[in-house]
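The first chain written gets the first letter, and so on, giving A, B, C and D; residue counts start at 1 in each chain.
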Amino acid sequence: MKIKTIGVLTSGGDAPGMNAAIRAVTRAGISNGFKIKGIFRGYDGLINNEIKDFTTENVSGIINRGGTILRTARSSEFETPEGRKKAYENMRSNNIDALVVIGGNGSLTGAKIFAEEYDVCCIGLPGTIDNDLYGTDSTIGYDTTLNTIVECVDRIRDTAVSHERIFFVEVMGRDAGFLAQNSAIASGAEAAIIPEDSTDVDQLARFMERGIRKSKRSCIVIVSESPKCGALYYADRVHKEFPDYNVRVSILGHLQRGGSPSAHDRILASRTGVGAIEAIMQGQRNLMVGVRNNEIVYVPFLDAIRSDKPFDKKLITVLDELSI
Amino acid sequence: MKIKTIGVLTSGGDAPGMNAAIRAVTRAGISNGFKIKGIFRGYDGLINNEIKDFTTENVSGIINRGGTILRTARSSEFETPEGRKKAYENMRSNNIDALVVIGGNGSLTGAKIFAEEYDVCCIGLPGTIDNDLYGTDSTIGYDTTLNTIVECVDRIRDTAVSHERIFFVEVMGRDAGFLAQNSAIASGAEAAIIPEDSTDVDQLARFMERGIRKSKRSCIVIVSESPKCGALYYADRVHKEFPDYNVRVSILGHLQRGGSPSAHDRILASRTGVGAIEAIMQGQRNLMVGVRNNEIVYVPFLDAIRSDKPFDKKLITVLDELSI
Amino acid sequence: MKIKTIGVLTSGGDAPGMNAAIRAVTRAGISNGFKIKGIFRGYDGLINNEIKDFTTENVSGIINRGGTILRTARSSEFETPEGRKKAYENMRSNNIDALVVIGGNGSLTGAKIFAEEYDVCCIGLPGTIDNDLYGTDSTIGYDTTLNTIVECVDRIRDTAVSHERIFFVEVMGRDAGFLAQNSAIASGAEAAIIPEDSTDVDQLARFMERGIRKSKRSCIVIVSESPKCGALYYADRVHKEFPDYNVRVSILGHLQRGGSPSAHDRILASRTGVGAIEAIMQGQRNLMVGVRNNEIVYVPFLDAIRSDKPFDKKLITVLDELSI
Amino acid sequence: MKIKTIGVLTSGGDAPGMNAAIRAVTRAGISNGFKIKGIFRGYDGLINNEIKDFTTENVSGIINRGGTILRTARSSEFETPEGRKKAYENMRSNNIDALVVIGGNGSLTGAKIFAEEYDVCCIGLPGTIDNDLYGTDSTIGYDTTLNTIVECVDRIRDTAVSHERIFFVEVMGRDAGFLAQNSAIASGAEAAIIPEDSTDVDQLARFMERGIRKSKRSCIVIVSESPKCGALYYADRVHKEFPDYNVRVSILGHLQRGGSPSAHDRILASRTGVGAIEAIMQGQRNLMVGVRNNEIVYVPFLDAIRSDKPFDKKLITVLDELSI
C-alpha cells in the first residue's frame, strides 16, 4: 500500500519540543508530497474522531512554544481492544495510512501493540522529559526540563546561601534519575537521591556521613519524586536527627513540563520529525526515530521501550568529587 | 555628632536586589567620604560582632546577583532589650555612627525601636518581595518576584492547556495580595484568591459562579499562601464539588525569592541606596527611603510600617473583565 | 452618538506588551457590551480596509507574546489629508464609532490630528519602548526593553571582564536617554552617553577624565543610538587616543524590541486597556490613558506628545557615584 | 615523575562553562590528593608568573557564571620559543607538574607544541563556542551560545513578523557553520548561509529562488560571520535586487559569548574536568578530554585540532524542508 496521508498525535505527559516535532512532521511530510492530518488529545482523539487537515500554516509560529497544540492525554480506552478497534476504524475512514506518535514509554508501547494488531505503519518520536527511552541519546523535552530545573535550583541557592539553610528539592523522574542526577551536577548541588541507587543503599545516610555536618552552611539535595520517599520524607529525617538544622523543602512540580523549548530540543524534534517522514518513504515501520552520536537512528519499538536504559554510575562519582 | 562610619546590613527574608542595595550604599558612601562596614547575618551579626570593613571591591560584580552577600536572618535576640544593648555596644566599639538596614516590615520595626532606644541614626531601605511597605511605589525585590511568578505560570499554562486541567498555583504574600493579584493579571490567569478580599467573600464560590463551569478547558487560579486556605484547600474543594474536573496544585515556594534582580529592582536599589547616603548627609534619620512617582521620598519609619498599605480594588475588576 | 463598536490598532515601532494591550481592549470592550474590530497594519489597514471582527478567542494566549498580532507600520499615507479621508470613510463603512490607538509619539500625534479633523473618538495607549510620552510613569514596552538590554549587558560583562576590554554598547533611544541611562545604572556600567546631555558637554571626555585610565580592567559604556555619534564613533575616539586599549563595540539593534513582555508591561497594558474602555464609557475622548503613581490617569493628547518629558538629572549622579 | 601539582588555565575566546570546568578540575584534583594552582590570563600568565594556589573555596559559587574567573587572552608570546621557555621555567619554579588547558583550537595547538617541546603533561578541555574540535560531540560553551542565539532570534522574529521585514542575522562561527545552521533550524529561520557551503554555491541565490519572493511576509536568514560576506553584504544584495523589500540587519556580536551556562555545558564541563584528573592519574598525557555518545573519550591533540570536523549536510535538508 502506498502511503499518502499521515496522521500525527501527541500522547502522555506533555514535553517542551512537542510542537517543534508536530511542525517538523507536518512540514517534512508536505515537502515530500504527503497529506497531513492532526489528531487531537492523543489516542482518545483517534477513538473520538477529533481529526483535522493540517497545512504548513497550522504549524506556523509554534517551534518556540511549550506544550502541544494537538493537546495530549493518557488514554485508558486505547488500552482496550475495543478502543483500538475504534481507533483503527477512524484511521481508515479518514484515509490515514500511517501514524506518527510523539510520546514517552507508555505511548510508544501503545503504538507497538496497535501496529501489530492492525498491521499499520506507526512511527514513534521520543517525546518525554524523563529521558527513559532506550536507543536515543536524549528525548525531546529532557534538555529543556533539565535547564528549567537548574534555573530553579540556581534561584533556590540564592536564598539557601543567604539564610544558610539545607534544601531538599524534589524533581520529576519517578523511575529514572537522569533529571535528578544531572541537575544536581549542573546546579552544583551537594547530593542527589535517585531511584537507580535506592534499593540497596541509604543515600541520605551516605551523604550525611560524607559531610552534611562539616559545616552549617547552605546545602542543596536534589531528590527524584517518589510515592514514599520524596523530599518531604528526607527533610523530615534530617530534621529529626539534627533539630537545629534549618531545613526547607521545595517541590518543583508541574512547572518542569512547560516553557519554550531549548535549542537542543527544537533541533532534536526537527531532525527526528524529518527522520520519521524519511522512514515512511523508505517503507520502514513500527520503530522510534532517535539521535545517537549526532546521527539519526531507527530503533524498533521493542528496544526503545526496554526498561533498562543504562544509567552511568560514573555520574555519581562526578557529583561526589565536585561537591566537596 | 558628625557621622564618619556607616554600617550596612540585610535582615529578614532575602529579596532580589539586596546586593544592588548593599553596593549602592557602599559606593555612594565611599564616594561621599564615609567609611563603610558590612554587618553579617542581620541584627544577629551586630549582636555577635560579625563586622567587616567594606571597600568598593567588596561590592564589585554583585549588582546582578540574587540573595545577599551579607547573609540575612530573623533575629529573636534583637527583639529583647539585652540583645539591642549588645548591638549598640558593638556599634560603638566598631565606631559605627549610622546604620542602614535593608529589609521588610519587621526589620524596619526593629530599626525604629533601636533608633529610639539608643538615639542612633538608622536609615531603612525597603527590601522585601511582599511590597507591603507604605510610602514607596514598590519595594526592592517585588518586581523580580512578580516576573519569576509570571514566568512560572507561563510554563504551567503550557501544561494546563495541553492537558486541559485546572491549576491552583500558590504564591508568596501571606498578608498582602499584591503578588497574587498582579501575577494573575500578568499571566492571564482566570482568578486570584487574596487575603485583602477573603474575610467577607467566598472568592472561590464567586469565581466558580462566574464561569469555571462554562468550559472544561484549562484554567489557572493564583492563591496567596495562607496557613489555612492555601492552594491545596481550594483544589480539594473544587475536586469534591466537581469530581470529574482534572485539578492540580503547584506551590511555587522558595524559588520565588532568588534569581538575578530585574532592571527595575536594580535601579530602585541603586537610587534608594544613594538616597540613604544623601539623607545621612542632610542630617536626616530614622526614616525609610522610597521612590514615589519616580522621585526619591523619605518616609518616617512609623508611616512605612503601617499595616494598611492600600490595595487597589480596581485590580479585581481588571482581572474579572480580562479573564472572560 | 452612542458608541457601539470600537476599532483597535497598533502603530509605529512594535513594543512588547502591545498584544497584552490588544487583549485588554478587546476583552474589556466585550465585557462591557461593545463590539470590537481589529485593524491590521496600523493606520494603513484603516485606509486599506484590513479590518476583522474580534472575539475573546482572537486574543486568547497572546498576553505573553512579543510583537503585535495586528501587525504594525508607519503610515506615510495617513499623514496626508487624502489618507485620513479614506481612513474615516472606512471607519464609517465598518460602523466603527471609536478608535483605540496603541503606539508612540508619532502614532498619537496622528490620532490627535485625525480626531480633530473628523470629530471622532480616539483613545491612545502609550505603546513604545522609548518611554518618551509625557504624563505616564512608563510606557508599554519600556520595562521589557530595559530588562532585555540589561540581560545583554550582563552577558557582555562576562566577556569584557574575562578579556579585560572596554565595550561601547549602543542601545535604542535616539531622542530620549531613558533606556541608556537606566540600563547603565542597572547593569553596573561605568558610564552612559545620552542625548539629554550631549549638546553642551563632551560626555566621553568627562568620563575619561573621571577614570577610564585608572585601571586597565574592563569597562562598559552605554551609548544612545545617534545618527552621528553612536558607539562606533566613541570607540573610534578612544582607540585613537589610547591605541593600546582593547576596545570593542556591540550594537544591540532590533532584538531590543522583541521578547515576552515583563510582568510590569503586561499589567500596564492590561490596566490601560481597561482604562481605555472606561474612558469611552464615560464619554471621554482624544486622550491617552496612562498610569501615574499607581493610578490610572487620562492625559490629553496635546500633553502626552509634548517633547519635553523630564529627564531626572539626578540619575547621572547615581551612575557617577556607583561606578567608582 | 609522580604528578603532585596541577596548573589550570583558560585561553583564547571565553566560553560559557569555562568556570564550571575550572571548578571541576580544581575540586576533582583536590578530591584525589593533588595540589591545584590557578594560572591567570592564559599562557601569558604562565609566562608572567601570574599563578595562585587554589582551594575548593576559590571555585565556590562559580558553576553558574559566564566568563572565566582566571581571565583569558590570546598569547602571541607563547607562539615564540622564547615565550614557551619562560612558561616552562615558571612551571618548574612553581612546581607545576601538569597543565590543564581549557580552550579552543588555537589554545590546544599551543598545548600540543609545548607538550612536545618540553615533554610535560598537558591535558586539554574543549572550551569554545564554535564546536570545531574533532572527537567530542560538542564543546563547552557551544550549547549555551546556541541557546543565546535562538533566544535573540525569537525576539527578532517578533519584530520581523510585526513589521513584515526580512532580517539578516549574523552569528559567530567564522570557520564553522554549526552555530548558524543549527540556530537556523532551532529558530525556524527561513535560511542559513554557512562557510561549509559557500565556496561553490551562491547560497543566497539558491534561497531566493526557493521562495523569498513567494510572499512579502517576514523572513529570517542566519549568516555566519565572515570578513567579506557577512549579513551586511547579503542584505545589500537583496536590497539592490528588490528595492521595495523591507530589509534589516542584526549583528549579534559579543553578547553570544556571555551568560550563565546551560545545564548541558555545565555537565560537559564537570564531566570532562573530572575526566582530566582521571587521565592524569592513569598516566595519560597530551590529549583532549571529550564526550562522545554520552561517554568520556580521550582524543590525542593531533586528532582534536584537525580542521575537518565533519558537518552533517543532512542539516541543510532539514532546514530546507521545514522552512516551507
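Convention: a residue touches a chain if its C-beta (ideal position, glycine included) is under 8 Å from a C-beta of that chain, and two chains touch if they have at least 3 such contacts.
The chain list, named the UniProt way, goes like this: A, B, C, D = ATP-dependent 6-phosphofructokinase.
In this text, all values refer to a predicted model and were calculated from it rather than measured experimentally.
Student: Common contacts of chain A and chain B?
Tutor: none
Student: Taking touch as defined above, what minimum step count separates chain A and chain C?
Tutor: Minimum number of steps from chain A to chain C: 2.
Student: Return the chain whose centre of C-alpha atoms lies at maximal distance from the corresponding centre of chain D.
Tutor: Relative to chain D, the chain whose C-alpha centre sits farthest away is B.
Student: Please tell me the distance, in whole Å, between the geometric centres of chain C and chain D computed from their C-alpha atoms.
Tutor: Taking the mean C-alpha position of each chain, the two centres sit 36 Å apart.
Student: With centres defined as the mean C-alpha position, give me the chain B-chain C separation in Å.
Tutor: So the centroids are 28 Å from each other.
Student: Could you put a whole-Å number on the gap between the CA centroids of chain B and chain D?
Tutor: That pair's centroid distance is 40 Å.
Student: Would you give the residues of chain D that are in contact with at least 2 other chains, written as numbers and ranges?
Tutor: Counting only residues that touch two or more other chains, chain D contributes 154, 157, 161.
Student: According to the definition of touch, which chains form touching pairs?
Tutor: Applying the touch rule to all chain pairs gives A-B, A-D, B-C, C-D.
Student: Under the definition above, what is the set of chain D residues touching chain A in their complex?
Tutor: Interface residues on the chain D side: 23-24, 27-28, 30-32, 56, 61, 63-64, 137, 143, 146-147, 149-150, 154, 157, 161, 182-183, 185-188, 260, 262-264, 266-267, 270-271, 273-274, 292-296, 312, 314-315, 317-318, 320-324.
Student: Give every residue of chain D touching chain C within the complex, in rising order.
Tutor: Residue positions touching the partner: 10, 14, 16, 18, 65-68, 71-73, 148, 152, 154-159, 161-164, 167, 248-255, 257-259.
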